[in-house]
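In what follows, chain A forms one complex with chain B and a second complex with chain C.
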Partner chain A sequence: MIALEILAIIILTPLVGGLLTGADRVISARMQGRKGPPVLQPFYDVFKLFQKESIEVNTMHRFYVYISIIFVIFTVIIVLLGGDVLLAVFALTLGSIFFVLGGYASNSPYSLIGSERELLQMMSYEPMLLLASLGLYYVNNSFYIKDIISGDTPAILFLPGIFAGFVFILTFKLRKSPVDLSMSHHGHQEIVKGITTEYSGKDLAIIEITHWYETVLVLAFVYIFFAVKDPVSHVWAVLACVVVYFLEILVDNGSARVKWQLALKSSWIVTGIVGAVNLVVISLFR
Partner chain B sequence: MSWIAALILFPALASVLLFVIRKDRLRNAVCWGSSLITAALSVWVTYRYFGMGVSFSFPGEGAIDSFMMAVEVLAAAYIIFVGIKNKKYLICLFAAIQTPLMLWFELTRAHESGAAAGIVFDKLSAIMVLVIGVIGSLICIYAVGYMRGYHIHHEDYKERKAFFFSILFVFLSAMFGLVLSNKLTWLHFCWELTTLCSFFLIGYTQTPQAKNNAFRALAINLGGGLAFAAGIVFLGLRFNISALSEFIAMKPETVVLVPVILLCIAALTKSAQLPFSSWLLGAMVAPTPTSALLHSSTMVKAGVYLVIRLTPLLGSSAAGKTVTLIGGITFLATSLLAISQSDAKKILAYSTIANLGLIVTCASVGTQEALWAAILLLIFHAISKSLLFLAVGSIEHQIGSRNVEDMDILMRVSRKLSIYMLIGIAGMFLAPFGMLISKWAAMKAFIDSDNILIIIMLVYGSSATLFYWTKWMGKLISNANRKAEGHHTFHITEEVPIFVQAALTVAACFCFPVVSRYAIMPYLSGLFGGSAAMPIGTNDVNIMLIMLSMLLLLPLGFFSIYKNDHRRIVPVYMGGENAGDNKAFNGALGKTRKLELRNWYMEKYFGSAKLTYWSDTLCAAILCVSVIMLVLGVMGL
Partner chain C sequence: MNFIKKSPWILHYDGSSCNGCDIEVLACLTPLYDVERFGVINTGNPKHADILLITGSVNEQNIPVVKQLYEQMAEPRVVVAVGICAATGGIFSECYNVVGGADKVLPVDVYVPGCAARPEAVIDGVMRALAILEEKQKTARCKKGTQEGAGV
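Then we have the complex of A and B:
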């Protein structure tokens, strides 16, 4: 049974993620006054990439991409099976670190810049990610997602600040402008192709699929903040995910890339203010 | 009982032997042998007394006391002598106050009080004995091979190997004494002995810088020792207490907090917490085995050991809050500082201070979970850090530099060393390795005890940790594809300890539930009463172990994929200006330029000057305020 569930998660998650990305492209196009591609375009792209010749600059750098996707899938399984939220953050970090190491392994100037920036982004969002998991534990007395979403009151009521901070750093994780420093889907503000410069064909397709998994993963985090025992709350949770995703698209299209200094400072300051204040306030009422 | 005496005395005996042997070959053999025997003894003693623990007093403690006093007087005389000779009057002052104070106390008061056992061996001592015995011995074995190369690379330093090896073993002996003594005066004696040993080891090369740093280490640690002595005298005079176990059993009232804070100051100096951390950073001028020993299994671990022992008195008391805060700030500040460093040893030093800060914080929070995390951190840190130091020492001999930026060629010079290095780094911060497991437990413990401020510092510090370790890993792997060049080999006495420690780093992650169940849990339930539960659930531990297995097995799985998927190799992208190979490009004015790839250090944000100043000041202020508050509180009584 559990094996079937895991199999379903592995297969269905990228389908959802791909569709979300497709929707993103359509909405973005409408915001820019274009018609945009079909919703299934991301899938066409990935299939096409799989048929292309995969060239590489050395034999090692693709290795990290595959390890990275394995750990991201691992994280998705932990989260969707209702596992430990903090453990999920650690596993996700492991996956991201392998992705960064892939950029280093390419040993190419543009990849390296991408890697350094990706690392900087990780350093920017990691405090908030950890605080969010700890905050969820603080109000629910359990790190297990299945316990958190079967409580009586949604976590958002206790953790509005942390949720706001989390949405802020979501922009990093979804690789949206203005903080898409390491790799961007906006060609006009990218240094060559950032961390993915030296990847092509199958490897690039894998990176794209990893991103689909990650998209679902971060939206699942949003979901956790709203869902409780009451089945109606799950509708609200889905709605919240849709709203947050739309907001991210809006920000993505409405802003130009910032410098790394501002990215780091802003996310650390936001984390420090909303995260810390929120936790302190809760601690007073315990 | 006799085995415990043997454990403490054997390294001392070995050190005498090493000092008198003048033939290099023979001395190396003796060093090998004594290291192995020390390790074996520590394992045997642990095995033998582990189940029930043991506590006893030596017959003829008076003679031991007299012997210690004699050594103390000699040491003080020596310290005052070199202090005056080198115009370092502060250490003279410390020694001149401390030793007469202790002598007076021991001669007049000490023997009157206490029927408590002189030696106590419990589960915590067992863990410490194993850490010191096994890791320490491995470092001594490594020193044999390292020092051979050291004097080839540094011909200008005077060769004093006999002295060096003998001090290493005195150090081990003192550490064994320190973790086994229950009598405070003995504990203090061993404490001061480690200070003196570290002074000798840091000053080994006798360059002006080495001397200067050695004196700084001596001054700071003697200052801590003075606080320790004052605490002992206070305890003896006011409460008639002379044993650690009696002290811990007291209630944390205001007056009791005076010796607590004095001992904590001693512990903070020894474990290099802000504002006392400069001595540990300076200690890296010494040969690598010294740094490895100071940073991993001995010296700094003595400081955190004392805090762990004092846990019942810390907790929510004012002294506990102070120490927690200082530990937290130390963790955050030094983690950030490490980002701007490119000298490998310096990064390791900052990381040591940061992790000690975390251990101090965990131990002083005073809850059961937090103490669990502290002890586990201590074990994992000792193993990984010693591996990293030893590897960096060998790397320095191989590539002639210990700058992280130069390590991109390491894969071609020595693939093995790179892999050991990667294991060590992974052990320091990556899930599912040891340090992360303990950090995880620490986070849970802090939030359970409502320490929000500490949590905030911890999450920022952890993110910084991730940054500086990953960029180092990146440098190490960036040339993994190139064929190995050259035929560098490193000596077997260097390789064996490094290999064993790499294996231990991985094995410790698999074994920690066992360590937790049979050593840490019994210790905690003895201390807090009731049955202890592991902070991390079995489910999560299993998932961690699955991750670890994946990390170990996945690289193997890729061999088959690689075999069947050969691809076209192209040059890296350099805007179309590649100059033939991947090492150069066509720059402006048609000049061919070498491609250099550098990591980010963000000096402006994480540079050491400002950050050190402010964090030192902050910690010093916190310490001063709490001391003043305490004095006022005591006077008010």
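Then we have the complex of A and C:
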């Protein structure tokens, strides 16, 4: 049974992620007054990349991408099966670290800059991810997502600050402007393509699929904040995910890329203020 | 199924053009023409690109650059020469440094005429290039298949 569930997660998650990315591209195009590509465009891109030649810079370079996707899939399985939030956050970090190592392995100046920027992005969002897991623990006395989403009151009521901070750092994780420093989906020029610069063919396709898994993963985190025992709350949770994703697209299209200093500073300030204050307040009232 | 026709990623290189053709190429990305409808993406990275779009003629200085860009692209790949300059050297063909059209150094697959080539013509050229791209992919696969069959 559990094996079937895991298999379903591995297969269905990228399908959902790809459709979300496709919808993102269509909505972005409409916001810019264009018609935009078909919704299935991300799938076409990935299938095409699978059919193309993969240029090998060196063996390690490709290896890291595959390790990275394995850890991300592992994280998705933990989260969707209702496992430990803390373990999920750590496994996700490991996945990102391997991706960064892949950038360093290629030795190309563009990839190196991309790797460094990716590290900066990780420094920006990691504290908030940890605070969010701590907050969820405080509310439900359990790190297990299964317990958190079967409580009586949704976590968002206790953690509005942490949720706001979490939505803020989602922009980093979804690689959206203004903080898409290391690997942007717009303006496919070398420096903003960062780590992916030296990847082609299958490897690039794997990176794209990893991103689909991550998209679903971060939206699952949003879901956790809203879902409770009551089945109706799950509808609200899905709605919240849709609203958050739309907001991200809006911000993505409405803002220019910032410098890394501002990205790092702003995320730490947001984490420090809304995240930490929220945590202190709920610890006082318990 | 062949997906390369549905997701052509383009690398645009400006040889020694007067910028007229470049502006027309970029105009294809604007809301009026919106080539992203066809899945076209304007990449800046030869390793991600399927189509090399050259505007302007080839000159003594940029021969190695053009060659290197082409060599870095992953198979299958095609070259589209946009504008008269890229086809023959055009109005600049008499210049002391100009070697001629893009076909002096690269195997050009599609020539788009015009000075400057209109966006419609550029899109048409890209679409024709896609048919060639598909053909190239098929032959590449056949070759691979026979090689595997022969145990090479």
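Here is the rule we go by: the second predicted complex is superposed on the first by the 282 of 286 C-alpha atoms of A that agree within 3 Å, B and C clash if a C-alpha of one lies under 4 Å from a C-alpha of the other, contacts with A are read in each partner's own complex, and residues count from 1 in each chain.
Everything below uses one rule, namely that contacts are C-beta pairs under 8 Å (C-beta built on N, C-alpha and C of every residue); 3 or more make two chains touch, one makes a residue touch a chain.
Please read these numbers as outputs of a predicted model, since none were measured by experiment.
Colleague: If chain A is used to align the two complexes, do chain B and chain C fit next to each other or clash?
Modeller: Fit.
Colleague: Touching A:Q189, do we find chain B (first), chain C (second), both, or neither?
Modeller: second
Colleague: Just to be sure I read the superposition right, which of the two partners does A:D45 touch: chain B = first, chain C = second, or both, or neither?
Modeller: second
Colleague: Have a look at where A:T21 lands relative to chain B and chain C in the superposition and call it first, second, both or neither.
Modeller: Neither partner.
Colleague: Return first, second, both or neither, reflecting whether A:Y199 touches chain B, chain C, both chains, or no partner chain.
Modeller: second
Colleague: Using the touch criterion from the header, give the chain among chain B and chain C with more contacted residues in chain A.
Modeller: Between chain B and chain C, the winner on chain A residue contacts is B.
Colleague: Could you work out the angle between chain B and chain C as seen from chain A, using CA centres and rounding to the nearest 10 degrees?
Modeller: Approximately 120 degrees at the chain A centre.
Colleague: Using the superposition on chain A described above, determine whether A:S68 touches chain B (first), chain C (second), both, or neither.
Modeller: Neither: A:S68 stays clear of chain B and chain C.
Colleague: Regarding the shared-chain residue A:P37, is it in contact with chain B (first), chain C (second), both, or neither?
Modeller: The second partner, chain C, only.
Colleague: Quick check on the superposed pair: does A:T171 touch chain B, chain C, both, or neither? Answer first, second, both or neither.
Modeller: neither
Colleague: Give one of first, second, both or neither to describe whether A:L131 is in contact with chain B, with chain C, with both, or with none.
Modeller: Only chain B is touched by A:L131; chain C is not.
Colleague: In the superposed arrangement, which partner chain does A:E116 touch: chain B (first), chain C (second), both, or neither?
Modeller: First partner only.
Colleague: Give me, in Å and rounded to a whole number, the least C-alpha distance separating chain B from chain C in the superposition.
Modeller: 6
Colleague: What part of chain A is shared between its chain B contacts and its chain C contacts?
Modeller: 53-55, 197-198
Colleague: Where on chain C is chain A touching in the complex?
Modeller: Touch list, chain C to chain A: 1-4, 6-7, 9, 31, 34, 36-39, 41-45, 47-48, 50, 72, 74-76, 137.
Colleague: Per the contact definition, I'd like the list of chain B residues that touch chain A in the complex.
Modeller: Of all residues in chain B, those touching chain A are 408, 430-432, 436, 440, 443-444, 447, 450, 452, 455-456, 459-460, 462-464, 466-467, 470-471, 473-475, 477-481, 537, 539-540, 543-544, 547, 550, 554-555, 558, 562, 567-575, 582, 595, 597, 599-600, 605.
Colleague: Can you list the residues on chain A that touch chain B in the complex?
Modeller: Listed in rising order, the residues of chain A that touch chain B are 53-60, 63, 66-67, 70-71, 74, 78, 83-84, 86-87, 90-91, 93-94, 97, 100-101, 103-112, 115-116, 119-120, 122-124, 126-127, 130-131, 134, 137-138, 143, 192, 197-198, 261, 264, 268, 271-272, 275-276, 279-280, 283, 286.
Colleague: In the complex formed with chain C, which residues of chain A make contact?
Modeller: 25, 29, 32-38, 41, 44-45, 47-48, 51-55, 187-190, 193, 196-201, 204
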